[in-house]
Every structure is written in C-alpha cells, then in structure tokens.
Amino acid sequence: MNERDVSNRAGYKVGVRDHFMIAHSFRGEVFGPAQKLHGATYVVDVEFRRADLDPDGIVVDIGRACDVLKATLGALNYQNLDELPEFAGQNTTTEFLARTIFDRITAAVRTGKLGPGAFGIETVKVTLAESHIASGTYEGRLT
Amino acid sequence: MNERDVSNRAGYKVGVRDHFMIAHSFRGEVFGPAQKLHGATYVVDVEFRRADLDPDGIVVDIGRACDVLKATLGALNYQNLDELPEFAGQNTTTEFLARTIFDRITAAVRTGKLGPGAFGIETVKVTLAESHIASGTYEGRLT
Amino acid sequence: MNERDVSNRAGYKVGVRDHFMIAHSFRGEVFGPAQKLHGATYVVDVEFRRADLDPDGIVVDIGRACDVLKATLGALNYQNLDELPEFAGQNTTTEFLARTIFDRITAAVRTGKLGPGAFGIETVKVTLAESHIASGTYEGRLT
Amino acid sequence: MNERDVSNRAGYKVGVRDHFMIAHSFRGEVFGPAQKLHGATYVVDVEFRRADLDPDGIVVDIGRACDVLKATLGALNYQNLDELPEFAGQNTTTEFLARTIFDRITAAVRTGKLGPGAFGIETVKVTLAESHIASGTYEGRLT
Amino acid sequence: MNERDVSNRAGYKVGVRDHFMIAHSFRGEVFGPAQKLHGATYVVDVEFRRADLDPDGIVVDIGRACDVLKATLGALNYQNLDELPEFAGQNTTTEFLARTIFDRITAAVRTGKLGPGAFGIETVKVTLAESHIASGTYEGRLT
Amino acid sequence: MNERDVSNRAGYKVGVRDHFMIAHSFRGEVFGPAQKLHGATYVVDVEFRRADLDPDGIVVDIGRACDVLKATLGALNYQNLDELPEFAGQNTTTEFLARTIFDRITAAVRTGKLGPGAFGIETVKVTLAESHIASGTYEGRLT
C-alpha cells in the first residue's frame, strides 16, 4: 500500500463535531465576491478510523477526541486568517482548512494527546461544512 | 391589540431558507475574543404567517419568497459589516442582524415585491443560525 | 379568547415526525413550472400543546401519537392528489396540506384515538417540510 | 397579562444547544416497554426571549448561556434518574424534564448567572429531542 | 487500477447540495404501493474528490459546482419522469437517479463546465435523500 | 482482495435510518462518569453497497430494509444492555454496538430476509449517532 493510500479495510470509526468562526479573503478571479474580506462559521466533523477496537472496546475516547478538537479549533477561532503568518500567501479555502486541521489533529494523535490507545488509528477524515449546502473534506493516513 | 403584539390567532406559515457569509467584530467586554475581527456563516430561516390562505391557496409564493430572501441577503453577503455605514456604532450580533433582515423583508412585502397576495401576511419571523448550536431570532408584525 | 386564537399560556409540547410521498399539480400562473404534474416528499412534524401534564406526566403518549400520524399520512402516501375527490378544485399546496393533516389529527384526538389523556390538548401545529429549504405550517385550537 | 401567559409581543430570541445522556424507567401501562430500565440522549435547545435588546445589542451572552446550559445538564448527565431523590415518584418523561431544565435555567437567570443584562429576559423555551422523530418542550415566563 | 475502481488515495473533497421535485411510478411487485403514480422531493448532495488541490487551493469552484448542479437538476425538476423518453422502460428509483445525475455531472466536468481546474477531479459521489430516513447513492470515477 | 477489505469499486448505495434507546454502563477509567449506569438514544444509519443494481433497478427494497432494521433494533430497544447475556464482560460502546448491528443485519441479508435480490450486496456500513456531536461506525464485507 502506497503511503498516499487510505485504508479500504473493514473497520471502525468514531466521529466528533465542533465549530469555529473566522474572517478571511481569497486571491484569484475564480473567487468573485469572495475576494473581499468576509467570514465563515465552519462546523467541523472529524472521523477516526481503525481496523480493530482497542482493549476498552473503543476507537478513541470520545471525550478526549472532543477536547483535542476544541483545542485545535481554538487556535483558529475568532481569527482573521489573512493576518496569521502560517497562512501567508495561501487561500484558506474550506478544503485547505480541512487539510490544516487534519495535520494538527493527526499530530496530536502521534504525540499521545488522545492517549496510547489512539496509536492504532489508521486514517482520519476532516469535513468542514461552511453552510447548509457546501462543505470541504480532507482524508488521509496517520503516517 | 398593541402594535408591538404578534398575532396569536390560528393560522398558516410558509418558511424559506438561504445563507450569507460575513466578517465583523464586536465592541464590549461581554464579547471576549469576539471583539477581534472574525466572521460567520448565517443560515437564515424566514417564516411568513397569516390567518387565512390567499385565493391560490398559499401564504406567499415560495419561489418569490426565495428570490426576495436571496436579494436581501445578497446585500450583506461577502461584506465586512464593520465597514458598512448603515451599521456604524452598532454591534452586528446575530439577533440584531435578524431584526435588520426582518426590516428589509417586511419592507419588500409592503412594496409588493412578493406579489399582491402577500399583503395578507401579518407577522414575519427571521432566525439566523450562526452554528449548529447557536441562533438569534426577531419576530414582529408587518405594520 | 376568540375561537380562532391559539393559546399563549405557558405550557408543554410533544412533537413527532413522519413523512409521505405524493404526486400533484397546481392551477394558477403564480405556480410557474409547478403547474405541471410533479411530486413531493413531505417530512411532517406535529406538535401537541397543553397547559399542564396529565397524571402520567405526559402531553400525549408518543407511541400513540406516532401511530395516529402514520395512519393519517398513510391515507395520502403514494397518491396522486389530483385524483382524490376530497381535493377536487383545490391546490394541494404545502400549507393547505398542513391544514388538511391538522383537521385529521385533531379529529383523531377528539374521537379518543390518542387516549383519554389527550383530551387535555389545546392546540396542534403541523409543519410540512417539502425540501431542505421550504416548509408550510398550520396551527390552531383543538375545538 | 396572567402570570401563566407567555408574551406574544414582538421580540428577540437567542437559542443554544447541548445534550445529556441518562437512564430511567417509567411507571404506567401507557408506557409499554418503556416501563423497563432504558435510557436516552436528550439534545436540548433553550430559547431566551425578550422584547428589546440590551445596550450591547444582545438578548443574552451566547457564551454565558452555553456555560449555564452545560452546568445545568451536567447535574443530570450520566445519571440513573430513577435513583435521584428529586425525581422520586415522578415519571421523568421528555416533557417533564423540559420543565425541570426550564426551572433550573430560569433560576440561574434570576440569580444573575447569565449577567445583569439577562434580567430583561421575559420567557424561556426548553425543547428536548429524544430522537430524530420525537421531542418534548416547556415554555413559560421568567417570573 | 481497474476502471471500475474508485480511488482510495488520500485526498480532498468538496460537497454541494440542491433539490428537485418529481412524479413517477414503479413497475414490479417489490414496490408495493409505489407502483402507483406518486412523487418525491430529492435533496441531492454531490461530492467531488481529487488527490491534490489546484493552484487556487480548491477542488472545484463551489459557485460553479452549485450552478452546474442546479442546471442538471433543472432538467428533471417538476417533471413526471414516467413521460420522459430517456427513462422509458426504466424504474427511476432513487439509486438509479443518483447514477443519472452522476453521468450528467461528470459529463459537465469533462466538457469544461466546471472550469479547466476541475479536470483534476477523479471521483464523484451523488446522494439523493428521498426523506429524513432513506437515501440512494452512486459513486464512480470521472473516466 | 483480502476478506477484511471493503470494496472500492464504483457502485450504488441505499441508506435507511431508525433509532433505539437503551441503558448501560462502562468499565475502565477511560470512561470517567460514563462508568455509572446511564443511557443513550442511538439514531442508526445503515448503508448497503453493491457494484450494480438488481433487475428491478434497486440496491435493496427500502421498505424491507426498514423492516429488517426495525426488527434488529427492536431486540435492543428499551433494554438495559448490562443485563443481556450476549454482552457479558463487554463494553457496549457506540462503535461496538455498530458492529453488533452490522453482524445482525448482514446475517439477515444472508438468510434472505431482504429478498433474493439482496444477495448482490457487497458491503454494509452501520453508523450510530449518540448525540448531535458524536457517532460510531462499523463497515465491512457481506461474507
């Protein structure tokens, strides 16, 4: 299996939800009026996937997963993303932010913030709903 | 009945939904981190209420109601509300924006933009969901 | 209180949900392309309201309310409403159908189909969502 | 206006959402299989209503409202309600629990836990969704 | 990789939502009362997936995706599907219609209607919710 | 393809939804307050997937799928899972229960309870939402 592949094995998932609210603007004609400074609420769903449950019978502790998600989104919440150095020169689109949150959540898993049982997690999927009709997603392996 | 009263008569309602995305900031300690420039997606539900149906058997034409709602939200969509003269010195909270949209929708009803049948509408309710867990509403008479 | 008034007393509500799927067409220019034979899924929410709970601590038995709602919608489900004699000459709009279901549900309450405890119900509200963005409602007293 | 009346004046609302998970059983034939020990997740929506906004332009601080709701539900979360003395001899139905939470939230408002601005709140509505198809509500004045 | 395979590579998705309303009937005993002429509202979710973002940082322009989805559904909206030659002899089930819309959306991608950046899209998933409790999906490669 | 793999071929899905309500408790420090007897409502989504439609143009009869799901959940509904012999010594977490329901639904498919056309189903996914912010899933092949 290529390191870019996500697992297609049978398995378990746990999903948790939270949200954050930001301002930003985009560069590029394709964005039309969204080139102006505007904002969004993103309702974020994170799914953790693994082939087998841990000895407690869980994919990951839901309480801890909620805490890590809240901390991850807290670093973005109530920010103007145009002013954050980490996003300089980057369009902070919904799908790009899904990848950003994926990178931060998977780093938290690897450093043990979801507990030792969570090292069995294989793939993570992050979906940001920007409204009742549009969303962006990134899914990848926990390398 | 006082002009500030909303009807409590039996009756009919039609509801329509759309959304808009803006940037803004608040003034006042109560707002904590929301005093910084941030943003929101507002999913907007508008309900039109009247005691009886018109001769076509409707409260209001749903297609026209959607068009008027889209036009109303279009004037706010992709804006930084802090820069709009109409909101100078005003916290554009969710509940305040619900009232703003109520005022604009009811003005559109009164000037015939929803058709002559819509003159029978008695009360209008506008709800803005700012996330999956929080919302603001204004409801009033169509004076 | 006028018989057309709905209560504005403090009180309790129970809500239940089900759905039905029909074909129909409308007469009148206001309906545009909906003058053609088309159809809809209606997701129906019924709310029963009363000032005080019955001796069992309920507004109405939720199981019985679900059964009565299913039976009521069953008479409409999978029908072409244009061919039902009861709707001859009538536009079966979302708000009109909300009233139709209100009339049938309240008749069921009065004839004891929701049990003797349900005689304490004062008002009923019926909402039909025809899509994720549009709905129609009728609310009235249980006379 | 009778003290049992809820306002029908034009006005503003703010709504917040959280949830809790409990075990309980009911007494009474009407409950059928729910007479056995079982449980429920209740997704709770609380709406605060008032005629006018406070000087900050809000009905109530959404953050504080979320905190008070979480604290209120925290006293019930992960409990077997059959064992709580406060509910002895009482069927803890969805609509009864809506009233319980209403009483606790309104007490919190009166004792200033939502801030001095919240003394202007006139009515509160509490809805508990026990599933995707059933809910219970209590609405009353903040006396 | 077989041409019938969908990618299981890590990657990005964008999803958009709209709806349409039709009449139809089914042939076959398995359909029971749905053999009669009835109808449905379909709430449609389309997901576009690709391994990497385009130079603007997007999977596809959400505005353009919404326009193409609306145009695609517009050809079916307010129709009696039993009378459309393209569906002669075919049960227009929810899952069949998901495939129909998949075929039309992917044709629009291939002919450039979502812009040149959209040529990088690898798979498309189309889900039609026919009610709050039932849905049909087709997912395939953009060949 | 390994027997633990789920298909990544292009294909069709049908999804159906129902719910059940139970009491239970967990063993293990990771569960914190959930070690006490509490309960949950689980809203259950089951997706059936196959590469091609059957001769009637369906993945599976939605009516039959709803009936099998209701019967499967009926065996758990209104139970205290701590007292069921089949779960002795097992934490009945959301993800574990998703697997339990997967096993029972796929057994029903194999024994013909969804009809002979359903033998073409390749994979099944079961998701249990325990609240508006958390869920558990099991997905596997129909071996």
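Per-chain numbering from 1; labels A, B, C, D, E and F assigned in written order.
Going forward, a residue touches a chain if its C-beta (ideal position, glycine included) is under 8 Å from a C-beta of that chain, and two chains touch if they have at least 3 such contacts.
Source: prediction; values computed, not measured.
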The chain whose C-alpha centroid lies farthest from that of chain A is chain C
Turning chain C onto chain E by a C-alpha fit takes a rotation, in degrees to the nearest 5, of 180
Computed over C-alpha atoms, the centroid farthest from that of chain E is that of chain D
Comparing contact pairs by residue number, the option in B-D, D-F or C-D matching A-B for over half of them is D-F
In whole angstrom, the CA-centroid distance of chain A from chain E equals 26
Separation of the C-alpha centres, chain B versus chain F, in whole Å, is 41
Per the C-alpha centroid definition, the whole-Å distance linking chain A and chain D comes out as 32
Contacts with two or more other chains occur in chain E at residues 8, 17, 132-133
The chain D residues in contact with chain F across the complex are 17, 19, 21-24, 33-34, 36-43, 77-80, 130-133
In the complex, the residues of chain F that touch chain A are 2, 4-8, 28, 30-32, 90-96, 98-99, 127, 132-141
Listed in rising order, chain F residues that touch chain E in their complex are 8-18, 47, 51, 53, 56-59, 61-63, 66, 115, 117
